[in-house]
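Everything below concerns the one structure shown next.
Chain nomenclature is as follows: A, B, C, D, E and F, assigned in order of appearance, with residue numbering initiated at 1 for each chain independently.
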Amino acid sequence: MFFQEPELQYEVTVEQPDPHFAKLLQQAIGGQEGEMRVAMQYMFQAWALPEGYEEYRNLLMETAAEELGHIEMLASAVTKNLRGSPKQMSEDAQETAATAAAMTGQNPRQFLSAGQSAMPVDSNGVPFTGGYIAASGNLAGDLYANVMAEATGRTLATRLWEYTDDPGMKDMLSYLIARDTMHQNQWLRALETLDDPVPVPASFPQEQENQEFNYTFISTRREEQPDPGYPWTQGESPDGMGEFSYAAEQPGDGEVIAPQPDPMTNDEPNRTSESDNSDDSTTSSK
Amino acid sequence: MFFQEPELQYEVTVEQPDPHFAKLLQQAIGGQEGEMRVAMQYMFQAWALPEGYEEYRNLLMETAAEELGHIEMLASAVTKNLRGSPKQMSEDAQETAATAAAMTGQNPRQFLSAGQSAMPVDSNGVPFTGGYIAASGNLAGDLYANVMAEATGRTLATRLWEYTDDPGMKDMLSYLIARDTMHQNQWLRALETLDDPVPVPASFPQEQENQEFNYTFISTRREEQPDPGYPWTQGESPDGMGEFSYAAEQPGDGEVIAPQPDPMTNDEPNRTSESDNSDDSTTSSK
Amino acid sequence: MFFQEPELQYEVTVEQPDPHFAKLLQQAIGGQEGEMRVAMQYMFQAWALPEGYEEYRNLLMETAAEELGHIEMLASAVTKNLRGSPKQMSEDAQETAATAAAMTGQNPRQFLSAGQSAMPVDSNGVPFTGGYIAASGNLAGDLYANVMAEATGRTLATRLWEYTDDPGMKDMLSYLIARDTMHQNQWLRALETLDDPVPVPASFPQEQENQEFNYTFISTRREEQPDPGYPWTQGESPDGMGEFSYAAEQPGDGEVIAPQPDPMTNDEPNRTSESDNSDDSTTSSK
Amino acid sequence: MFFQEPELQYEVTVEQPDPHFAKLLQQAIGGQEGEMRVAMQYMFQAWALPEGYEEYRNLLMETAAEELGHIEMLASAVTKNLRGSPKQMSEDAQETAATAAAMTGQNPRQFLSAGQSAMPVDSNGVPFTGGYIAASGNLAGDLYANVMAEATGRTLATRLWEYTDDPGMKDMLSYLIARDTMHQNQWLRALETLDDPVPVPASFPQEQENQEFNYTFISTRREEQPDPGYPWTQGESPDGMGEFSYAAEQPGDGEVIAPQPDPMTNDEPNRTSESDNSDDSTTSSK
Amino acid sequence: MFFQEPELQYEVTVEQPDPHFAKLLQQAIGGQEGEMRVAMQYMFQAWALPEGYEEYRNLLMETAAEELGHIEMLASAVTKNLRGSPKQMSEDAQETAATAAAMTGQNPRQFLSAGQSAMPVDSNGVPFTGGYIAASGNLAGDLYANVMAEATGRTLATRLWEYTDDPGMKDMLSYLIARDTMHQNQWLRALETLDDPVPVPASFPQEQENQEFNYTFISTRREEQPDPGYPWTQGESPDGMGEFSYAAEQPGDGEVIAPQPDPMTNDEPNRTSESDNSDDSTTSSK
Amino acid sequence: MFFQEPELQYEVTVEQPDPHFAKLLQQAIGGQEGEMRVAMQYMFQAWALPEGYEEYRNLLMETAAEELGHIEMLASAVTKNLRGSPKQMSEDAQETAATAAAMTGQNPRQFLSAGQSAMPVDSNGVPFTGGYIAASGNLAGDLYANVMAEATGRTLATRLWEYTDDPGMKDMLSYLIARDTMHQNQWLRALETLDDPVPVPASFPQEQENQEFNYTFISTRREEQPDPGYPWTQGESPDGMGEFSYAAEQPGDGEVIAPQPDPMTNDEPNRTSESDNSDDSTTSSK
């Protein structure tokens, strides 16, 4: 159950409105690395957890509500960059196409569709999609997804930070970057509370997986290469349950030809007798 | 540069063709957790790496080519499940709608659009999208994305394994599950070769982030709660650079009201004098 | 700024778990008529409102937070339908494809991708998209969008209500249907507080629109028809600013042929002299 | 059944070709508020209507065919803006990236993919999607969807009108704005011909909905607020079937914890004994 | 400019309503091979044609309007299959999940979202997208796209024909199949009226393309293979402008390592001294 | 099974890095006409082919692997254009929004999301989708799809060629254009090896299609036109199995009114008695 107050989670000010930056900020709202993704991701993960996982459920829901507040902060930053000095901008906008493009932040929909406000889209105007959200039902897998989400999210925020000189925007981003630092750490810590989370899912009986290839680096180089002695071709594996080895060749032993389809598919083209008697000798691979 | 041989990377056999399972297998081809995603993800990550990262570039490209072979194996598994006993199936299919639905594996496009073969879609027929692919240009972030991709990928493969009794399918999945074990381990090992990868991105000067909130768990509970003493509210943070603390309240100090839009937006509705004199006393939050 | 409590907004119980119904419920979560849409729609609309619209901003945000709670209720309903008697179901599931299909609710991703839990997708497994969200910056237009959203949302909820006999599900849906009744009414009442909201946007100077065709019903019938005397071909218009009239013909007076493209486009195919001397006499329309 | 003539529904001329404006016009073709949406929306709505609704079916189909003509007009406007003075533009285009960007209207696909012509995409190049179309089978809900579609459509058209000084474009938009005025009015009038359309769907027996919450405004504010006395917290409801009331609290009475999933999901991570003995006392909300 | 009449282009009757078939028919409406695609494709292609191409413009627009009528026919077929014996179906539907699934045609949105009518989606419920539409501005390329569209469209129609025993449906499909035959032939004939359409685009000066590899089949086999003597490795090329040859090896001569990114990207992870001194000797390919 | 070498298929050099061109190049990677599409398209087509089609399977797989190498070349071209002189660019970028926009190539995600590298998206940042891929299971249809794919692909490449003056980029594109020439020719030659591929699918018994309309051009003009004597209204059809004829009228004989929906749909609005007694006399079309 959710509640809200008419106040931003953290102050958002803009000294020099910059419509182009308003476009860039959209990536942090509706983009693959954005806040809509993490807010919903943490909720769906929480809603899948059964009895016995209350502290993780709380952790996820506490953070989800925080992320909703980040969407709101960023939406506020967008309107404050788009609307700051509208009069002057719109006059310039009619002078030349090049200036107009820059002044509208080049996402024309922020003007055309949203009347100078934020949208549920990324910095190219591509709508947010539920396809960005990872919630597998398996807590360990979900926690890795969250580390990853906060890692790409913090990377995005630092790039936005590099892109602006506005003190208000720098301050807001400095806060969001700090939160991503915290969130990366909290998900990593939560992973540490699980016994042997790797390989995910841990509940699958590992003896059922193929025992010949589960710790072997398989090279796909065209010509066989000697073991390069990389940290992932020898030594103990991070999960502590195997020893890395190296195979210069993929196993290779499978029939590539598909079975005949049902005639109802009408898959069959007419063929000349010549092509029908094709010499297939070149197709065997060995 | 790529090469191919007309042979599968690993044997794929089906004893009892099961069109419904053919539908499920699509998730591992074109789904969010599927092989098209990882194959392309590893490539795009590799192509972003500059000089000095050759061993990581090789690692990524070697694995990308392996994953292409997994797509091929799964596509083969789909046709072998769909086409195994087509005659009998198609006759049944015309008897009743319920049977027909089951017999076509309920993804009608595997029949209608693809003539009983595999497609670049997930198990609901939703097309693969580049939006699944994470490639940030930052190696540490990308490696976490890869751990996550293999974690959800292995989880998917084990669920498919649970869903079938066919020895051929069990064997193929046992191989794919083993490969996901290896890949989780290799990405984790690659992360270990980086100094202090967390918080990602490490190259951002951490003193620039807000120092008050970068290791603080902020509760979003409606009523203030005491520090629950969870592993993420106290103790040293996993990145070794901070000490977790607990805040019962979000900071909260931001103006939620957007600036006035440009009149050119035509955002302004006509309003009655009554509504214009609105009493806004309820909107202040403190 | 958002807060949350570990409690559902309204009780959600399931007496007879029905995985098929779990699939249907997804439409109310991530579908075009679902709760993810309205929750985000009301937020983005609120974030665009400038000073002077506080009561509308509050109205929108109060309702947005309520809708977040509806997503949570529906997600809970999904897990309670999917997981209710898992043992029995999974055994049946392996017997025949037809039963398995029904038992997994036919959205295989609820099992394969989410481990028997809810997802940000619709009842066909199509991911939620920001493209469903309407937030134009113009309050009157947005309020009509909200009436429409609650109208299609309530229609969906009543159809789900018809589809189930489970008392718990009927009760939950009865609550959601009631809320949609309230929300339809509140958006209509908010529209009534605006002076002359139609035609939207009201701030556009109506004398700038074409005065010949702004209250004329234009027939597109192949052969000219007499005025049928429908309520939209005569009488005063609902906005009170015009009189409906009837035109049996579209105006029609525009050149359909595109200008020559730049040679850099390589649009030009090679053409035979015969086709080049084409007799274009049939292309004039009058 | 459809017919066509090689003539535009209304004259489309461009005096000063402006490739940037060609990009903006795409929003009115393939965007969320565009003409492809309404043309198809009105058709699908019409095709769902059974006997007894002929005047509505005609209304919808007459308008659908008109909207097809609007797509054609806008496509013509795009080519006339892109191709007007191609020689000069393409030369400039090679001078500097900034100019080139402006000159191609910044939707590179209008050049690269379409050879300087219109496309079924929005102003950011995002393809049109059937997900924009609302056709519920319920006439009242559909009519509200149509009012909304024309409201956002007219808002878009007025914003485009503000953005151009070209007399030809102003005239074309003045016509399209007028048509949106008419269409808003015709859908509102059609709604007036229905008895008590609200709440939609009217055929659902209203006594089946929860009687405690169907006319109550539920506040989601963090701290309980007194009834603000807004027009939607007291007084008769617009549907004439209830009296608005105010609740300072969400009902709240539902169990948030999901049931245990089937072991076949492999949802279960390994857990340390410490985390297993979690103290859940903080999770109860009251 | 478009017109319409309240009559179907061709008779559509259903003797035995089959909701499952209603789901399959959606592929021919909103699917990749469906009628929405061709109707819009032919329009956008037509709208790009400049003076001198009137007969092709007419050809495209005549056919586009015909395809609009096909969408209408198929939508009619959907409602006639879904609604034929609703009473009986809905009662069965509540008995068991398996039957219910079959009876609703397993696209729950045809019931939930559309009230038993057709939708702008494919047979899996995936919305139609403008991304299916090919309109390049180059007539020859577009005509090949049209041959392809009608080829896959006719294949789909024949598969639907195989799937039904209903005489009415067979008759409707027999008509649609016939039209696809005509359309394949008309696009091929139109191609014949162009001089040397291949390689598309013909207006590009062919001497500007690489002269070493424009008629050479390049093998990507792992190990060099002798020329298999296939029709595409020797003999004159179909465009009459070259002689096929065979290369056992890809040229291969390009530097794969990306340049260093700007430090502002924060691409750089922290690295251990060990990994920094990586031995790159394994990366050279020759 | 796939292999790779750390070498590009063909040299890729950039003399004057141009971030704007990096944006345009994305169309050839992840766009509708791009290399991701053809690489995957040829694979899925190959994987559907049963015994007896080995030479076609080889043809498809050989080319698929080549196209993978083209993606890699283009990704290399993107980083080389984005990163060439990063220092200077990033400083300029902070000066003015207009320059910044141009300098980042206006796809902000190449910087924000990918750290100045290539992405699986098109030139507007729209993600690649499996919906671009055509693989029907019918070889003849697939070969036409391939001709079309290479035709639009070559058109795109020539437009990119026109857009750049960089010798390295011209050389790379000259190679890719040449390959598209080869591929158009090889698919056409493969079509020639099939007997009577048209109409696709050839295996459908042509006597089952409607014999009245399979070689008739049906005009959709509003007023009946005489046979224009076009090459597609008279003469033998290209498939050699019919004679073109001309019909000035669509057949037209179908009932447009949908059956009554099930009451469970709640499709029925309340209606006034007036509207219920609607005079339907205008709806009959004859």
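Note that a contact is a pair of C-beta atoms (placed from the backbone, for glycine too) under 8 Å apart; a residue touches a chain by one contact, two chains touch by 3 or more.
Chains and their UniProt names: A, B, C, D, E, F = Catalase.
Everything numeric here is computed off the predicted structure, so don't read it as measured data.
Colleague: Find out how few touching-chain steps suffice to connect subunit E (Catalase) with subunit F (Catalase).
Modeller: The least step count works out to 1.
Colleague: Report same or different for the subunit B (Catalase) and subunit D (Catalase) interface, where same means the shared residue numbers exceed half of all residue numbers found there.
Modeller: Same, since most residue numbers here occur in both copies.
Colleague: List the centre-to-centre spacing of subunit C (Catalase) and subunit F (Catalase) in whole Å, with centres computed as mean CA coordinates.
Modeller: Whole-Å distance between the two chain centres: 29.
Colleague: Taking each chain's centre as its mean C-alpha position, how far apart are subunit C (Catalase) and subunit D (Catalase) in Å?
Modeller: About 7 Å separates the centre of subunit C (Catalase) from that of subunit D (Catalase).
Colleague: Residues of subunit D (Catalase) that touch two or more other chains: which are they?
Modeller: Answer for subunit D (Catalase), listing residues that touch two or more other chains: 1-9, 32-33, 47-48, 50, 54-55, 57-58, 61-62, 65-66, 69, 72, 76, 79, 83, 90, 98, 101, 106, 111, 113, 115-117, 121, 124-127, 129, 131, 136-138, 140, 152, 155, 158-159, 162-163, 193, 200-201, 204, 220-222, 228, 250, 252, 256, 258-261, 264-267, 279, 282-283.
Colleague: Sort out for me which residues of subunit E (Catalase) touch subunit C (Catalase) in the complex.
Modeller: Against subunit C (Catalase), subunit E (Catalase) makes touches at 1-5, 47-55, 57-58, 90, 93-94, 96-98, 100-101, 106-109, 111-113, 115, 121, 124-127, 137-140, 193-197, 200-204.
Colleague: Considering the complex alone, what residue numbers of subunit F (Catalase) touch subunit E (Catalase)?
Modeller: Within the complex, subunit F (Catalase) touches subunit E (Catalase) at residues 3, 5-12, 32-33, 55, 58-59, 61-63, 65-66, 69, 72-73, 76, 79-80, 83-84, 86-87, 89-90, 111, 115-117, 126, 129, 131-132, 134, 136-138, 140-141, 144-145, 147-148, 150-152, 154-155, 158, 161, 171, 174-175, 177-182, 184-186, 188-190, 192-193, 198-201, 204, 206, 208-222, 228, 230-232, 235, 237-239, 242, 244, 250-256, 258-262, 264-267, 283-286.
Colleague: Per the contact definition, I'd like the list of subunit F (Catalase) residues that touch subunit D (Catalase) in the complex.
Modeller: 18-21, 23-24, 27, 31-33, 98-99, 101-103, 105-106, 122-126, 152, 155-156, 159-160, 162-163, 165, 220-222, 250, 252, 256-261, 263, 265-272, 274-276, 278-280, 282-283
Colleague: Touching residues of subunit E (Catalase) toward subunit A (Catalase) in the complex: what are they?
Modeller: Touch residues, subunit E (Catalase) against subunit A (Catalase): 155, 158-159, 162-163, 222, 225, 228, 264-266, 279, 282.
Colleague: Which bits of subunit B (Catalase) are touching subunit F (Catalase) when the two form their complex?
Modeller: Subunit B (Catalase) residues touching subunit F (Catalase): 1-9, 30, 36, 40, 43-44, 47-48, 50, 54, 57-58, 61-62, 64-66, 68-69, 71-72, 75-76, 79, 83, 113-121, 127-131, 133, 135-138.
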